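Below, chain A partners chain B and then partners chain C, in two separate complexes.
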Partner chain A sequence: MRAFIAQFKRELRGLLLSPYAFVLLGFWFLLNGFFFAYLLRSPAVQNDLTLLPPYLFGNGLLVWLLLPAFPPLLALKLLAEEQRVGTLEPLLTAPVRDAAVLLAKYLAACVFFLVFWGGVAALFLVLNLHGAQLDWGRVGCGFLGAMLCSSLFLAAGLWASSWSGNLVLAAGGGAALNYMMLFVPSLLLDAPGRVGTFARAAYLPGFLDQAFAAGWIDSYAIALPLVLSALFLFLTWLRLAARRMLA
Partner chain B sequence: MSRRLRLAALTVAVGLAGVGVAMLLLAVLARPALRLRADMTHTGGAGVSERTAAALRTLPEGSRLTVFMFPENPAWAWNGSAVYPRAFDRLISLLEDARLRAGGRLEVTLLDRTSSLLETEEAQRRLGRRPGDALFLEVGDTRKVLAFEELFQVIEPTRDGQPARLRAERLDHALGNAALALASGALPRVAIYTAARAGALYDPQQLLPLARLLTDEGFEVVDATDLRGVQDADLLVVPGQHQAFAPAELDAARAWLDAGKPLLLALGAFADERVVEDWNALLSERGAVFGSGLICEPVRTSGGVIEGDPICGHLETSGAEFDDQHAISSRISTSGRAQIFTATRPVETGAAGNAFTIARVARSEVEAWLDLPGGKDFILDGAERRGIRGIAAASEPWMAQGDAANGRLVLLGSAASLEGGRLAALHDFTAAAVRWLAGREMRDFELVATRELPFRPDRATQARIDNLAVLVLPGAAFLAAFGIFLRRRR
Partner chain C sequence: MIRAEHLVKRFGDLVALDGVSLEVRPGEILGFLGPNGAGKSTTIRILSGWLPPTRGSASVNGHDLVTDSLAARRSVGYLPEQFAAPHELRVGEYLAYRAELKGARPRMARERARAVAEELGLSERWRQPFGTLSKGFRQRVGLADALLADPPALLLDEPFSGLDPVQRQEFRETLRGLAARGKAILFSSHVLPEVRDLATRLLVLHRGRCAAVGTLDELQRKLQRSAPLRVLARGEHATERVTALATAHGFDPERIEAATGAVLLRALATADRAALFRALAAEECAVEEFHTEAPDLEQLFLLLVREPAA
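Moving on, here comes the complex of A and B:
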């Protein structure tokens, strides 16, 4: 446990002291800021702020465009970068379990991603300070859904990052995987039979839209990203274990 | 097999096993019975009520709910109105809850502008959807259609530019009522009077389309060849009458009206005058009777105005010819959708007894004239004069005894429009009339106020928020990145 905590602190410090992570954060804030300001100018939203959470966190641009792309860009720092500079091998041969290393890296990335969402939350606080009445239940659920989705995309990015030391491949592969998780079910939503049922059960934007952004805390909507995150972490661990055995 | 290959195969196998376990776990957790949900909205009413949930659980397996989310009334989208976004947001939230709480018995399909065009068209064709129809609940062969106006109460936009607003909704109640009616099988019964027209109810050229419309509206249709046998029905429809009443049947018609039961009576221009006289005698105290003659209108084309042609007997009415205040016609009036009345007899409204209120819900245009027997057909001649003529009227008592005995009456001057393919051109009016007769217009006690959270920042506030969103926050992050970079270089 102590080794895990030490590793977690190391990873978190690494991210907090990385210019790359902050440049990423800056772009995230910029794009989200544009999106937020654009939505706030929409007459429908000005007529009823209840629509802001579903427009922002639901089935919109944020989910389809930004969210799948940014976590892999952050995750590439975790394994692919270490492979590239040659620090992964010493880490994996150190007296720390692979799982502990992996979890420490993943949790550090998740915690750092809270900063990403913290900036968006600040915009809601500013709105509130300017006299806007918000449905905080919906806003909170929207953030929860977005955070869970981010953690899933980070896990997928981590898995992609474990395959090679090529940063472009790690980021591109992670993003492609994330976009596939969104697009493949969306293309099969109307399919008859089990395929359609499976697609609807795996359709993340649907849960963000119909559950979280609508103000619902839904056990399945929470379980879906958590189980898939655990699956990707398991696959990453498997990849590292195989790598160690081959070495 | 080399060690490397064996290891790769083992890794793939273990990976696939992990995928399988995850899929299995999700399949179990996705079951509606295992789903736990908590409503965190500020109103706490995002889902269906216990009453509606219980009604949904009584639905048989395979029940279907198809929802059309299309902003079809342009007036409700003017000036950035939030009517449709808000209503659709509400539909999405509530129907997902309805699906889950129905325990897997209800398949919900949401169709909107992002849905497959093919699927939307197929659903529209299968359900015979008309503009304004929002929700179709199907149980086996029976179905119930709910129009947008039946679900949401909207304040119309004003002339000074105020956008339309969603004032209240009764989505939960309407869904519960529909589920209860369809699940119990105890649908309200509508008797269609078909004396001297054997088989008309099953003939697509005659009354089959009308029977289908009534079925879609949630009625059980009964073929009534004799009025004496219909007293237990909830609604009587007389789509033209081909033979005069025998005395006993006339008594039955009087008894129906005296019992305060709703009636849709359509008599066209060529109805037997004895039939018209019988009904007029019964209806005169209600302030609406049928006149004589055929209402004609000049038809304007690019080649000029056509008169003297049978086409003048087809009255194409736009929104302006409908009463924009009455529950039957307000939706048609607002939408401006044309309805066509064929071979129409005038409906005259006058002084009703004290107990009744009367409304002329549809009328001709001012250039119309009454083509009387004797002169040239479809031409204004002799004693005929141009002027506005009533096409349909609605009468109801000030005090209704109840839903099944609300005393409501709709007189329609065209029977031909209710037959065969012509019904398609009068579908909206007929459906609205039937809903009103059944007492299904917006009921106040079922309405739930919708709470809006408006936020209209002034220019300075908007600029402050914009600056923070697109300059301050990203700028701070870029500065931090630069600072860390400089420190690392040192």
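Moving on, here comes the complex of A and C:
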């Protein structure tokens, strides 16, 4: 446990002090600010501000464009960067389990991603300060869904990051994987039989749109990203074990 | 104590290690020699817990590196050939983090990091980011990292690479001091004088196999017969006569010393020293020297790695 905490602190501190992470954060705030302002100009939202959370966190640009791309860009710092610089060998020969190292890295990245969401939350607070009446239940549910989704995309990014010391490949591979998780089910939603059933069961934007952003919490919608995240963490652990065999 | 028995490591069809066994006792410094690709780094990486062996077993302080990996890794300090730390971290931060990672409580970790940094002359670099350190200081940080948990065994892969002569001298003294405190040290190096000066025993790897192991004296005695035979004769055309007779008696004239005219002969399978000596006497060559010299470490290394491994 002590080793896990040490690694968690190191990763979180590394991200908090990394200029790269803050450049990412800057772009994230900029693009989200733009989307937010764009949505606020919409007559429907101006008439009914309760529509803002579903438009932002649901089936919109944030989910389809930004969310799959940013977590892998952050996750490349976790393993690909270590491989590139040559610090992975000293780390994994220390008396600490690979699983503890991975979990510490992943949780630190998830915690750091809260800063990303904090910026979006600040936009809602500013709106509230200007007297806007918001449905905070919907806003909170929207945030929960988006955070679960970003945790899943971070786990996928971590897996992609474990494959190579090439940062472009790690980020590109992770983003491609995340886009596939969104697009492949969306293309198969109307497919007949089990394929269609499976696609509908794995269609994340649907859950974000119809469950979280609509203001209610579905246990399946919570379990899906958590189970998929666990799967990607397990795959990353396997990848590290295989890397030891082949290094 | 570091122990490996019949280690085999395959990477696909490539056999990197083929039955390597070794033992390093407390207080001993084992110098690990071998040409590039001999399997030195692979052996050290197996002993560090980074790579699993394909076959065979390895243990540190009685803990098997596969079945009891965490305890084994706790017992060993490892300095990789290309040691690297996060460039943005300061020396003190890095060492404190590594001490915590190795199980120390945060306050103890900082104290331990300070103590090791002081011991290795890193106190003045405590607040300097790792990325701005010279190669020599980076190696010291790597050694400090290896020493943080005060392990009974140390594995050092090419620890002298990139160090200047002063740093090498200091590094040697540090390692001697650690051995005197009872640590079992295994280090690999291409720098033969370093190995000669520091190692209490040598192990020469060649093509993934153990070509020789022992003290320098033991290896010199063992290989003396393989060393070139030095024949110095006086008289008219002495060199030509020696060369011709040697060839006739199963020797391959390796070279002629320009300064003395002595002929250095490599013995072939059919070589017969006694017959050569009798032939030289019969030819009335005034033989002044007829002996093999104990090979120095460089000759010894070349003798071992030129021949196929036994």
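Everything that follows uses one rule, which is that the second predicted complex is superposed on the first by the 245 of 247 C-alpha atoms of A that agree within 3 Å, B and C clash if a C-alpha of one lies under 4 Å from a C-alpha of the other, contacts with A are read in each partner's own complex, and residues count from 1 in each chain.
The working rule: a contact is a pair of C-beta atoms (placed from the backbone, for glycine too) under 8 Å apart; a residue touches a chain by one contact, two chains touch by 3 or more.
If you're wondering where the values come from, they're calculated on a predicted model, not measured in any experiment.
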item: Chain A: partner with more touched residues, chain B or chain C; value: B
item: Touching partner for A:Leu134 - first (chain B), second (chain C), both, neither; value: first
item: Partner chain in contact with A:Met245 - chain B first, chain C second, else both or neither; value: both
item: First, second, both or neither for A:Ser18, with chain B first and chain C second; value: both
item: Contacts of A:Leu65 with chain B and chain C, given as first, second, both or neither; value: neither
item: First (chain B), second (chain C), both or neither touched by A:Met180; value: neither
item: Contacts of A:Leu224 with chain B and chain C, given as first, second, both or neither; value: first
item: First (chain B), second (chain C), both or neither touched by A:Phe29; value: first
item: Which superposed partner A:Val96 touches (first chain B, second chain C, both, neither); value: second
item: Chain B and chain C footprints on chain A, overlapping residues; value: 17-18, 245-246
item: Partner chain A, residues of chain C touching it in the complex; value: 11, 45, 48-52, 70-71, 73-74, 78, 80, 82-89, 97-98, 100-105, 109, 142, 145, 149
item: Chain C contact footprint on chain A (complex, rising order); value: 2-3, 5-7, 9-10, 14, 17-18, 85-87, 89-97, 244-247
item: Touch list for chain A against partner chain B, complex; value: 17-23, 25-30, 32-34, 36-37, 40-51, 54, 119, 122-123, 126-127, 130-138, 140-141, 190, 201-202, 209-211, 214-220, 223-224, 227-228, 230-231, 234-235, 238-239, 241-242, 245-246
item: Sites on chain B touched by chain A in the complex; value: 4, 7-8, 11, 14-15, 18-19, 22, 25-27, 29-30, 34-42, 46-47, 79-82, 85-86, 89, 92-93, 96-97, 115-116, 119, 163, 165, 452-457, 461-462, 464-466, 468-471, 473-478, 480-482, 484-485, 488
